[in-house]
Amino acid sequence: MSTLLRKDLPTLLIAVLGFAIVAEWFLPIAALSGFKTYLGVCVEIIYRTSIGIGTVYAFTSEYAQWRRNRTLQQTLISGSMFAMFGIMTIVVIFYGGTESVYSAEYRWFQYNIYQPQSQAMYAVMFLFQCGSLYRVCRARSMETTVLLVAGGAFILSSIPLFASFIPGVVELGTFVSEGPSLGGTRPANMSAAIGAIIVGLRSLLGKEQATMETGSG
Amino acid sequence: MVEGKKESIWDKMGSIDYRIIYAVFIVMLSIPIFSPLGIPMKVSQPVQDYYNAIVNLPPDSAILVHSFVDLSVWADTGPILIATWKTIWDIAEEKNIKIIAYTSLSDGALKMSDLLLDEIKPPQWRADSYGETWVDLGYIPVVNEPVQASFAADITSVAATDGHIYDVGSEWVGTPLLDIPVVKDIAARGGDPNVINVYDFDLYIWGSWGCTSPDQWVRQFWTTGNPLYELPMVMMTIGNCVPNVMPYYGADKPILGFVPGSAGAAGLELLCGHKGEGIVMADIGDLAGIATVFFLILGNVSYWGKRLFEKEER
Amino acid sequence: MKKINFFYRNVIKMEIFKTGRMWDLAIFIVFFALTVYYLDRASKGKPLPKIRSIAALEAIREGVGRGVEIRKPVHYSFGPTGAVVSGADVSQTVASLGILQYTAGLCARLGARLIFHLPNQPFAIPLLEGAVDEAYLQEGRTEAFDKQRDLRFYGTGSMVFASAMASSFMDDGVALNILVGRQTTIIYPALEAAKIQGAINIGGTARWTAMYIFALTCDYIFIGEEIYAAGAKVTDNPYMTASIAAEENMKYIFLAILILGLILTAVGLDIPALFKI
Amino acid sequence: MLIQDQIGLVVSAIMIVSQLSLIVGDNFFFRWSTRVVIGFSVMHALIWGIYWSNRYAVQPIMKGELVWIIPFVLGLMMYTRLTKKWAWVSKYPMGLQLGVGFGVVVVSMIRSQILDQIKMTIVDLLGASSPYALLNAVLVFIGSITVTTFFFFTKEHTGLLGKSAYLGRAFIMCSIAVIWAGDYIWAMSMLAGQLQFLIRDFLFGLVLGGA
């Protein structure tokens, strides 16, 4: 009974739903298509409903962090996170429940905290990449030479200064992306697709260890 | 290296402190902000194709527009969206192009509501005919593939009503989709008049900065369907997705044209004649390009200098 | 030259299957048959091909050992949007789960602390958490993994994830940082941050766009679909190896289709139209 | 300028500078600003989650569309993962999601990512309109074969296979290089955007220009 409920039925559920979707792909049966559309929305509802699980771990991990290290610095750091939880809760309560996501107050937080942080991280990413460019792009081996030549050509072709004044740079950049680069991307995507299909089939047939035994503990 | 030996010039060239590199790039990017360089630009072929696909739409076409807004990449992709909408609004009234728009991220719903009131304000005739010539469904979470599939087969399955949140055409908010005249008109175009699906459109303008999205959308909008239906698309994306879009790009392929990042946006702005942030951003990159080349050369000179001239000493 | 188009016209009249899906169906059947064949071989204990060595897997063992030595934790992450469970990238999630279980098992056995950065997708948490639980259970050390402390969640912003990981490296230290799965390039700052802290970086993804960040920052990488093979290799499960063998055969078939298709098209058969069946 | 906009500018500037401080290494400001934004991000996710569960599931159920009870209950079942005893219950909603995922993966990729790619390789090669297009098509064709050989796992890369795999690596690196270069340009415009904000909006607009 225990393994039936805990392991066999969920595995069966995966297989049944999976093969139903496979069948929908090939057979012109309206009911199946409707079922697939329904499943798509079901998945979306499960996504939205289950977000609270993450919230729980966000709370507990930060609290555990603070409990282990109760210095002033850590208190400030953890405190500001919990303060944000509090502030956003207040915003939601006082500006119209969940509809508050459309309020100017909510937007203020989004535009002034969330957006600048995300964009700043991309800026950091660029600076780190400058460091890598300088460190890695040296003609040491075949790999790094290709990286240097192809990457360099494409960068030059994307910058108006070089594109306008050095003849042939744009053509070179286009050539690199349409020729050799596509020669790498296309088969890599193909191989990855083959790998993905096989993993999918293996799982549908109930032989995938990672999903099969999950959570039996 | 032998202990106590002095660092050679090659070593010094090859091991510059990262902080210096970062500082150089920050300075190089700041200079054009103080005084723009104004270097002329070329329009690349994919951008030209993107623009042509929109302006050369035959009369009475219907287009589906995904307003691609992600606040975290707004600096790079915002100019594309703005230029695209300006291009769409510039299409003459006589052509009678019908538009259904939506956004797929929660950030987008908020930003679009600000934009449509200000920067990309629809022309008066469009604003007056909301619901008859165009409609904005607001935020529909069409990000995951199963939902995309549902969306392709029946748009009402994920967006039952008009859900936009700004003042233009607000009387339509909450109206069931098929009760809106423009949706009804588009639904009547192909197949079942009571179902609005992607087969009813002539062009899909969409964007994503997820580079595997082309695979997903092509899977769902180009190869799905019975009978086999192929909805042409044009795409707003970011620079690093170019290799992922390339396999699908071409006149007889799913993606007719695409705009890669703010550099592409500059081209689109030139084409549609509304200069904006894209051109400013492209201009800023010029000096940093010089720094990039400088550091590339420096690293290689250091490596080869060390390899060629320090051989005997070892 | 006139193109021969007879296949196309004949098949389109069939009503049993959806139009335009015949090739898909044929390929799917081949896939299915091969997988079943090799899985059957595996269940009967017949010999299977060996998977070639993958350097990054050895490195995980070393890295965990190093973590125990210098008393710093091992960080594992699927990336901000790495745990897709209902889209086409689900296979990468599964492959990464295998490697996660392997890493968690090593951590349990050797006594290293594992910090698991949950992706922005709460809907996958039960699956991921279950995989870690399972690994610790198999080593008989369920108490060694402190979920309240070491499972981290950062909301839905992708960039928030990168900076939160970097921040976690500063708070807890890092000996080994593993990022396998459906990765996006925006995790790049976190990888650099780990490097600055002196960690070993191991990463890989079958999502081709993000491959370069690992090539630039990682000490060991899984290139592209190597993660699928790695996922099979770590588990030592004959079924997994069997499916890799099936995969290899599919590759031969597709190479053959490519070359044959080229030749046949060159002599006048309209192969591209044939693909529309 | 309104007072909340001015405060907004200051807060944005603080967030940007604190996050940029990651490049100088471990520091308090980075850790602090990260926590602030995690705080927002987690609540953002939760609020939108509730908003959408309400709009997609609860409201339709109230209206009598009982068919949405199933996914809603399945969604709630996910929370059993937080307990020890009932954790296995969460495998059912997981099973539904995985089933859909695997079903999609095994069929939908065949056409777009394999067959169409093969078709395009053939068409490009035989239908090349210019020597340039032909050169590209030949390169793609060679790449397709050599890179595929690189991904053979059951054979050691020696002999002819080794040479082919080596050439495949070159194509792979070329592809990686172009993606990186694209990303580099993109990230550059992101930094430019931040600097533009800091200099034009914050420094000139607020600090020097006054409100």
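Note that the chains are named A, B, C and D in the order they appear, and that numbering of residues resets to 1 at the start of each chain.
Rule of thumb we're sticking to: a residue touches a chain if its C-beta (ideal position, glycine included) is under 8 Å from a C-beta of that chain, and two chains touch if they have at least 3 such contacts.
For clarity, every value in this text was computed on a predicted model and none was experimentally measured.
With centres defined by CA atoms alone, the chain at the far end from subunit A is B. By number of C-beta pairs in contact, A-C leads over the other of A-B and A-C. In this assembly, the C-alpha centroid of subunit A lies 18 Å from the C-alpha centroid of subunit B.
For the pair subunit A and subunit C, the distance between C-alpha centroids works out to 14 Å.
Averaging Cα coordinates per chain places subunit C and subunit D 15 Å apart. Centroids built from CA atoms put subunit D at 4 Å from subunit A.
Within subunit C, residues 18, 21, 24, 28, 31, 84, 86-91, 120, 122-123, 125-127, 129-130, 133, 153-155, 157-160, 163, 171, 185, 189, 207-209, 215-216, 224-225, 229, 244, 247, 251, 254 each touch two or more of the remaining chains. The set of subunit A residues touching two or more other chains comprises 22, 25-26, 28, 39-41, 43-44, 46-47, 50-55, 58, 101, 110-111, 114-115, 117-119, 121-122, 124-129, 131, 133, 147-148, 152, 155, 158-159, 177-178, 181-182, 185-186, 188-192, 194, 196-197, 199-201, 203, 211, 214-217. In subunit D, the positions touching at least two other chains are 19, 22-23, 31, 34-35, 37-38, 40-45, 48-49, 52, 78, 81, 87, 90-91, 93-94, 97-98, 100-102, 104-111, 113-114, 116-118, 120-121, 141, 144-145, 148, 151, 172-173, 175-185, 188, 190-191, 193-195. If each chain is drawn as a node and touching chains are joined, the picture has every node linked to every other. Here subunit A touches subunit B in the complex through residues 28, 33, 36-37, 39-41, 43-44, 47, 101-102, 107, 110-111, 114-115, 118-119, 121-122, 126-127, 130-131, 133-135, 137-140, 148, 152, 155-156, 158-164, 170, 174, 177-178, 181-182, 185-186, 189, going by the rule given at the top.
On the side of subunit D, the complex with subunit A involves touching residues 4, 7-9, 11-13, 15-16, 19-20, 22-23, 28, 31-54, 56-57, 67-68, 70-72, 74-76, 78-79, 81-82, 87-88, 90-110, 113-114, 117-118, 120-121, 132, 135-136, 139-145, 147-148, 151, 166, 168-185, 187-188, 190-191, 193-195, 197. Taken in their complex, subunit B has these residues touching subunit C: 72, 144-146, 210-212, 215-216, 219, 223, 226-228, 240-241, 243-244. Of all residues in subunit C, only 18-20, 81, 84, 86-89, 157-159, 184-185, 207-210, 276 touch subunit B in the complex they form.
Across the complex, subunit C meets subunit D through its residues 21, 23-24, 27-28, 31, 49-52, 84-91, 120, 122-127, 129-130, 133, 153-157, 160, 163-164, 166-167, 170-171, 185, 189, 193, 196-197, 208-209, 211-212, 215-216, 223-226, 229, 244-245, 247-248, 251, 254-255, 257-258, 261-262, 265-266, 271-272, 275.
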